[in-house]
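Reviewing the structure listed below.
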């Protein structure tokens, strides 16, 4: 028989430390809840939920642009003067921002640490690997996340700080927004479109995944929750895309 | 039928391993996958070559000993079927089949397609039981169990501990295996006293063994020969959360 | 092959007195080991099936220092996992007239009066506790809507005493025992050695004191010492090559113990199961059992005419022979295993078998489907039909299933007394590995019961009586050296032959000899022929076997070769035992001994004994007879007409 010996792609050496089978491994307890993989998943779920909550409000706020610039500006102003005069200007917003930033950071930390754990768990790759679950969204979560992070950076520079916005920082939010999505800047709109679709995909899996992580997707509820997650993601995508598309296509302005 | 096999060969834990191609002729469609490998192995022995090592025992789909990744899918593409129950009639004449071992750091390769799955035993040691010494049990009918609970517990209890879930999971997570045992025991009244401590201990042991975390991709259920459902993982998470809230 | 007769075995250590008090009496008489001393006592348990797993866990719970061994990668994979049908217990939860006495009676009768009354009665008594124990462990037995346990009738019993967990009773019971075992491993009372194969027994100072094992991953030869050794290594049905047993089932552990002095009892008693999926080709590696319950609704038939190879659907009703219904009008398709098996063999021998090689009969559900509707049939047997289709590629809803008998269980095994101790002091044997309580034929759902009774309840009590004299001190170094050298020499020999045939090819040929000449039907002539063929095949094996690789690594060829070598020796003893027992009983059918209707004819006058064979290095086994006395159940001829 002819046996052709071939070097496959999967030739990374297997760590020999784990080789001796019967010797029970010392029980290396990870440090507490946050150290455990399930704990980290819970962190992702909770921070993810916070961010989803923000996005829902944010989307609703954005839709105010359809009621006119003033409506939108008022809303932006109201955000900054929440609970005044009890608290100084921008306090609540700042607290919210801090929570949001903390969420993003924790979410990313958990994502990165789980990804690293996953990489360690499979040091040698398969030569052939075929997905059987039929859901590509679940496999692009990490890429989706990175895309979203890059988008948010751009987005903040654009609409919050006005650095890359034609109107600059010293302008009313509504003007920045309208200026940002002028037809001539179609590529910005396109970029938003891609990003928002990414967010949608991230959430289509993320929302039900969070519910599963928190232990609520039990019994016969899984199908329903998955549909719900899809619906929420779709609403968010449509709601977010309506204003920029409208502006770019010239319905508003 | 005639087949081309690309098989992972690895002499021992230290050997880096490689894919080796073999031609197998005159395979009967009625052969099981393992019988096809038996035939190849008989020829290899006669040629003085080391036959391909693989684990198997019952060849009935129940002991959980067999398992290889066939064309990129643990236990092959046939649904709800272990490798030993897979038959050659599902392959095309002239096909090329890749065969690899389970790949996960907590399942180091011992030789060829044989891996060490003792991590699973240690997870059970951590708490996958009900503490009841022999002779101390009350009459069986003193603990009635709702039929629905008994049936659901059974669905989870059918896990054969094969490890295909780990092999399929993009994160190398053992969540489905662990969740199956936790669900089995936590659905029964007998399992209640140790319910939370069991979930905590088993999840922690799973981590300590180096398995990845679950990101709910569902690859595991899709390849699980016993179709262990994904909601067992939700149950495990719920119990684990409760255990930590205490 | 010749044998000589040695002294009879008169004392089996069973207490005297009324049968229902004997076990209590023994429990009370057995000396106890002080809990503080248990820690100083070491016990080796080989095997992690229902018997070994439950024993190791229980001994650990009691506080002994236990070492547990199995050849699989995890104790959870022992062959017991494959048992489908169920487990008997005299719970009488149905109030249908069951009792300990009835289970006892049925078992003695089912075993064709070749089992010990005292043991069987104890088994029936303990059966009740097994169910309690398993339920408390979380074994998910089938339940009814009221939340109580469901039972069914099985294997010809007239009461409904079989507890089951879908078609996976063995799996669920084994996982229960496995979990108890893992709990003890975590507690540090049990040390587990998976992927370790026992290759010899160490006997020192007349006592079993340890074993020699091979680490199957590294090839290292290890010595393990203890104050007592328990063998729970299962049955040896694989001597026939094709059987329903797991591929790794072997006789090595008990055979090597036999060579060290443990008597081997009734080796020829083998059970052939009537409903298995037939062989489909030369490459076939094992046979798959289809649950016996299929015979409740399926009708067994073959064409009336020899060589009729029309498709089953084209054979008209009047050209079919529903032979079981014809020969056994009252039991019909539900006759016991041995009878159904032999009837299938007979029609196939007449040339009326169906399928490849003419080795199969139809099990037809078309009547049931017509009567009950496809849905009802699917509900009842759906998973079995699926399994059948997966293996054969045929759809049993449309074409009748083909079935054929296959070797399933071995009633023979190492001889043990009432305490489950072999003839070597300190060597205990439990589960299928001992010659067990089933006599010449085992009833369905009784093996699980016996394995767990031995492991959870009986052995842990009786072994204490032996260990009360321990610890037994140092093991004689010379004895250890001798055992280890023997093991090493044997491995070296296997490695060095470098012949031209694979171990499997020898195994297949041996299996063929056994099936043809020492199978379902045995005659003086066939057995003599087997006794002729086996030694020459063995000689060829040792001259021409090829083992690749080295002994210092995972080497499945070497493992296989070692097991086949032992099967040769066992096969010879089986044939000899079958030859000397000129009566028919249970699973042992001697064509010379049948009644006018072709039914098994016992010879109680001459053969109401257990045949316990002593090994003799010169090749002439010594037969010790243990007479069987029946005080409670009257010996009668079994009839199922």
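As written, the chains take the letters A, B and C, and residue 1 is the first residue of each chain.
As a convention for this text, a residue touches a chain if its C-beta (ideal position, glycine included) is under 8 Å from a C-beta of that chain, and two chains touch if they have at least 3 such contacts.
What you see is a predicted model; the values in this text were computed from it and never measured.
Engineer: Which chain is in the middle, if each chain's centre is the mean of its C-alpha atoms?
Structural biologist: Taking the mean of all protein C-alpha atoms as reference, the closest chain is B.
Engineer: Can you tell me which chain lies farthest from chain C, using the average of the Cα atoms as each chain's centre?
Structural biologist: Farthest by centroid: A.
Engineer: What whole-number Å value describes the gap between the mean CA coordinates of chain A and chain C?
Structural biologist: 59
Engineer: Cα centroid separation between chain A and chain B, in whole Å?
Structural biologist: For chain A versus chain B, the centre distance works out to 33 Å.
Engineer: Using mean C-alpha positions as chain centres, tell me how far chain B is from chain C in Å, no decimals.
Structural biologist: 27
Engineer: If I count partner chains per residue in chain A, which residues reach a count of at least 2?
Structural biologist: 21-22
Engineer: Find every residue in chain C that makes contact with two or more other chains and list them.
Structural biologist: Residues 73, 192, 194, 217 of chain C each touch two or more of the other chains.
Engineer: Of all the residues in chain B, which ones touch at least 2 other chains?
Structural biologist: 44, 49, 110, 116, 118, 126
Engineer: Would you pull the chain A residues touching chain B in the complex into a rising list?
Structural biologist: Where chain A meets chain B, its residues are 1-8, 10-16, 18-19, 21-22, 24-25, 27-30, 33, 35-42, 114, 117-118, 120-135, 138-139, 141, 205, 208-209, 211-219, 221-222.
Engineer: Name, in rising order, each residue of chain C that touches chain B in their complex.
Structural biologist: Listed in rising order, the residues are 54, 57-58, 61, 72-77, 79, 81-82, 91, 93, 129, 131-138, 140-149, 165-166, 168, 171-172, 175, 178-180, 182-183, 185-186, 192, 194, 217, 246-248, 280-281, 283-286, 288-289, 387, 390-393, 456-457, 460, 500, 502, 504-505, 546, 548-549, 553-554, 556-557.
Engineer: List the residues on chain B that touch chain C in their complex, please.
Structural biologist: 11-12, 28-32, 34-35, 38-39, 42, 44-46, 48-51, 53, 55-65, 81, 85, 87, 89, 110-111, 114, 116-118, 120-121, 124-126, 128-141, 143-147, 150, 153-154, 157-158, 160-161, 184-185, 188, 190-191
Engineer: Mind pulling up the chain B residues that touch chain A in the complex?
Structural biologist: Within the complex, chain B contacts chain A at residues 6, 8, 10, 13-14, 16-23, 43-44, 47, 49, 69, 71-73, 77, 98, 100, 103-106, 108-110, 116, 118-119, 122, 126, 168, 170-173, 203-219, 221-223, 230-231, 233-241, 244.
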